[in-house]
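Mind looking over this structure? Questions follow.
For reference, chains read A, B, C and D in written order, and residue numbers begin at 1 within each chain.
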């Protein structure tokens, strides 16, 4: 089962600047060979459910190791079995409808 | 690694009434032996990361089997390694601070 | 337009314990006369769109005043125009389908 | 108070294809003069709180008018009073930390 994810991980107890942790997660996703795209309020990821979710877990573990005692993450998860759809397809599908 | 989750699964392409699908997910969580609590905009779950996430995946698979061609889910995920905390602890912690 | 909201406000830069801020938001919702229900990963609110949103804004402003330099909030917002539905209706609708 | 928002509006009861509704929201944001950026699982918006929230409300109203009887939306909302930060700043801040 393929999934498109929007991941927004927020380390708590480490001050206001969290870009270091987001960058560390980005490296994890890259090493996992997952297609991902950073945006201004999270990171989109596409791939096989188990691989994506293993990477998300690894992000939590690694951010704890980097010193964050607490993490709150918001994830959006999209699956469909009527047809295949990539992150690029989703964006293109909207853009075609814009004037 | 323990996790507290807020799960809000939304089947698409099956009309406006989705309580049947939410109830089916509730059964999956119960059969998985996970502590869960339904609220008006989702279900809170607490347990070991892998067990909770396996149940979430099973919810997606089962809701597709029940006929939903597309699913979009919003999850909040909380982990901490400074101390143990249950769903009940979180609520109590706020209530103690209310007048 | 009526709305049912799930509000999860996360103050950043104030350490790991945030229940004080959640309790302060709870007071704001109560003073606004909004029906609300605390759960383990947020607070459900029901009411007229403008009133609910004014209260959410007030929560952000007040939590900043209490000392949080940064806030990240996750909100779920449900509206419908086919029929009226309360938070209690949503829960009951699922519970009727449980064995 | 400035806010950076991630908006993901999901019309229910209109089938699986929702890009038409997302495109309509995009037009509303553009007409409101708000800076926005479409991504694969939502749209990022930046601006003054009241203007952004008025546009979000208008999106709900317009998507109902277009025929969706029910809408569930997930929003992330970021505010800070320690310094100004744009969507572009947030992305740049992470990218500087990537190898």
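Here is the rule we use: a residue touches a chain if its C-beta (ideal position, glycine included) is under 8 Å from a C-beta of that chain, and two chains touch if they have at least 3 such contacts.
These numbers were taken from a predicted model, which means no experiment stands behind them.
Chain A and chain D touch with mostly matching residues; of the residue numbers seen at this interface, over half occur in both copies. A separation of 19 Å divides the Cα centre of chain C from that of chain D. Averaged C-alpha coordinates put the centre of chain A at 18 Å from the centre of chain D. Chain B and chain D have Cα centroids lying 25 Å from one another. Across the assembly, chain D contributes residues 8, 13, 16, 69-70, 72, 74, 76, 78, 80, 82 that each touch 2 or more other chains. Contacts between chains leave no pair untouched here, as each chain touches all the others. Residue ranges of chain B in contact with chain C, taken from their complex: 4-6, 8, 16-17, 19-20, 22-23, 26-27, 37-42, 44, 46, 74, 76, 78, 80, 82, 87-88, 90-91, 93-99.
The residues of chain A lying in touch with chain B in their complex are 1, 13, 49-50, 53, 57, 60-61, 64, 69-82. Of all residues in chain D, those touching chain B in their complex are 8, 10, 12-13, 15-16, 18, 69-70, 72, 74.
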